[in-house]
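Both complexes shown next keep subunit A, but they swap its partner, so subunit B is in the first and subunit C is in the second.
Right after this comes the complex of A and B.
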């Protein structure tokens, strides 16, 4: 699939022509006419091929709403979202999502293998082929040989790994993640963060991850986009410059990490 | 890693036999039979009522008679055909009504009316249209047994989690697959209840129609036995109708427990 445009050890080069996801003056909201409630107003951003972008913002600012807009679940009130080369009209072949609440996104009546293979079945892929893809995806997220288990036989962290595997097997160009690690314990959270960094390095997927956790946003991303205010819009953009490799201890002790952290926290306190 | 078993410990094997419960049930049965016999001897019941020993004897002689099995076969066929039709119609219609908003609004009244309607009142019309035929019997069974499946399917389809809906939408699951693999399984715990209730109603309705219209079957045998004042035989037939209903219900209960293992687990 897509290759990373990374220079070894350096930051990712972002050429605007190479942007995979382009959001222009996007406004999102709920309700129509007089009942309309704007959540996001005039938001613009781009995500380059192979880039990892974090969106950070306080609780309730509209992060999930933004991802709904980017995944085609919510129609824009204004502006547009362009994926690959075409404007987004609804759910898109090149956009996969890992949802905030894994327990409500995996189907409990399917085994993990069936869960991962299901979107491929929807695409008309034959059973041996899609099962093979599912097993490979399970291997990639460290759940090899667990395809016959049901989601409810697994811990929360494992379930979220399955959701990630499903998105990987879908083979989309962009992976959108909505606070994927918000409902697991701290250690599992670190493990999953490193899993995502690892997958990104190995597979070169383009990832946009939404979180309210400032540390997580900086640790994972090449670029952190801060959204705030009501209705929400982009208030700051920070390049982290860590390259593709991270370490929970070393990276977080890096002065650039501390600088970014201070800057974002100050911005969000306003 | 965990390649040895996919079944969690708590659900390995079938439920063990509960001896206390079985014992209590047997006791209850014996008490009822004793009361029956006592009421008969003390003159509380009419003289023509057969005693418990007569009925037991009848039960054993009835199974050796060919016409019992023929009648039983007729009833079984109509009940089964009507029940399967009810399930198919009820599930498909119910899931559609439950998920297509405009349908939901307009169908609500019809469903409320239909489930409360005394189906037996339709019998003269059905006799006129279809005559005293097996088709008429099956139609009557469907008219009586479709409602629980329909109502439960509507309720079940409303239970679909919005998170699951978003997932299926994002991954562009086609409509047909969505119906079979998302909506149907999600509603299945509710549908199963409807299917079970509907099975009992189907047997009841089949026997009832046979009694009223003299279409061949257990119901007709019961009427014939009554006319010949063979009350012991009539009760024996009733006994078989009851046993059969109970057997079907418990089989369905088992199948349900197995098929819906995920439901009990994920609700914890």
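Right after this comes the complex of A and C.
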């Protein structure tokens, strides 16, 4: 994938081999002309192949807006989002999203298998094939054999697992997660965090997680990107250096964890 | 055991009413209020000689076809209007205007336009039934969760599949409610449409018997229409429970 392409400014740049998602000078907002309100300004970042990046910021900073921009639901006011070599112009086959509110993002009239297979059906995949993919995804998130259940027959944590399975089955290059564990209880939250770490270790998925929870951001990611100010932009970037394996107790007791935590909290308090 | 108690609990009142009616009217000499025994006797006679069966089959097939047309048109149009704000804003006033006209009053016009055959009766039923179905479908489609729409966009669901698997099932509870409202309206218009220049159907049976002073027949016809309405509503709620199993069991709304 070492192709070359033109970037704004006209110069030819060699895209690094493992840069999967590249955001350049992205500005996002709502309204036009005089009513225009910028939420995100001049934000740049890159996510490498197989990398886990967290974006953390205070409530109301514009995380959801950023996620809409990254998933192609919102057109940039300026700058661009490049996924796997092409600029994003709308929802993209290479980007899958896990939304915060599982109860509203799963369809209650479909079984879990149908929910997971639905995006594949949209892609024109035949039924036996997409059902097989759905069952494999269910296995991967620890819900093997539960394909015939309806979402409302499951607990919140299980429903969020289904939403994760749906994104996995879509087989996108990048998995975007919008505060995916915000609506579940603490224990379930730890389980889901470890599930995501596990999935990443096994499947090598590239993940970008947006959250307001500083601990979660550090615990999960290789790199934490801190956004703040109005309009929001990147104010700090921290490499965690934990490797792919984590542990709820040991990792969180690691001095590097504590350092990162202190640094981010101080930065956000400004 | 519990279902038996339930059935008994629901049955005692109608049984009591029928018994009261039977005895209160037993010695009636009023031409317009014949004894219930005579009404039922006439009904039994006209069932065995086929008169009522023929009337029923003609009326019910008109009702079924009219309701089918109304459902197809109402749901298709309702989903499109629900999803297309601009179109909805343009058409909304007209929908409410046409809907406010009493549908029975339009029956003579429809018969005038479409002629005396069963086609005009079917159209009359369809025209009367389409409004509650249309309006409910629009409401239902507007009520589809934002989250579900967003998921469909992110995962690039094609338009037709989106309508079929997301908006339609999401709106289905209201669609079913709309059809439920349309059903009795359809029965009224079905009967009314047979009162004008007709020689078949339950409406004709009722009108013809009353204008020839065969009042027990008039009663039995009216009674039969009521029973048909009741049976259809019950049957429909069984279908409802099948189609909307997820909705009733999830208990989310």
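Keep this in mind: the second predicted complex is superposed on the first by the 253 of 270 C-alpha atoms of A that agree within 3 Å, B and C clash if a C-alpha of one lies under 4 Å from a C-alpha of the other, contacts with A are read in each partner's own complex, and residues count from 1 in each chain.
As a working rule, a residue touches a chain if its C-beta (ideal position, glycine included) is under 8 Å from a C-beta of that chain, and two chains touch if they have at least 3 such contacts.
Quantities reported herein were computed from a predicted structural model and do not represent experimental measurements.
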Practice item. Please tell me, clash or fit, for subunit B and subunit C sharing subunit A in the overlay. Key: clash
Revision key, fill the gap. Per residue count on subunit A, the busier partner among subunit B and subunit C is B
Exercise for review: Check the residue A:152 against both partner chains and state whether it touches subunit B (first), subunit C (second), both, or neither.
Suggested key: both
Exercise for review: Please indicate which partner A:20 is in contact with in the superposed arrangement: first for subunit B, second for subunit C, both, or neither.
Suggested key: neither
Review point. For A:140, is the partner it touches subunit B (first), subunit C (second), both, or none of the two (neither)?
Key: neither
Review point. Where does A:119 make contact in the superposed view: on subunit B (first), on subunit C (second), on both, or on neither?
Key: both
Review point. If you stack the two complexes on chain A, which partner ends up touching A:184: first (subunit B), second (subunit C), both, or neither?
Key: neither
Review point. Which partner does A:96 contact after superposing on A: first (subunit B), second (subunit C), both, neither?
Key: both
Practice item. Could you pull out which residues of subunit A sit against subunit B in one structure and against subunit C in the other? Key: 71-73, 91, 93, 95-97, 99, 101, 103-105, 107-110, 118-119, 121-123, 150, 152, 170
Study note, to complete from the structure: Within the complex, subunit B is touched by subunit A residues 68, 71-73, 91, 93, 95-97, 99, 101, 103-105, 107-111, 118-119, 121-123, 144-146, 148-153, 166, 170
Review point. If you look only at subunit C, which of its residues touch subunit A in the complex?
Key: 145-148, 150-158, 161, 165-166, 169-170, 172, 246-247, 249-252
**Study point:** subunit B residues within the subunit A interface of the complex
**Key:** 1-3, 6, 8, 161-164, 166-167, 169-174, 177, 181-182, 185-186, 188, 262-263, 265-266, 268
Check your understanding: In the complex of these two chains, what residues of subunit A are touching subunit C?
Key -> 71-73, 91-93, 95-97, 99, 101, 103-105, 107-110, 118-119, 121-123, 150, 152, 170
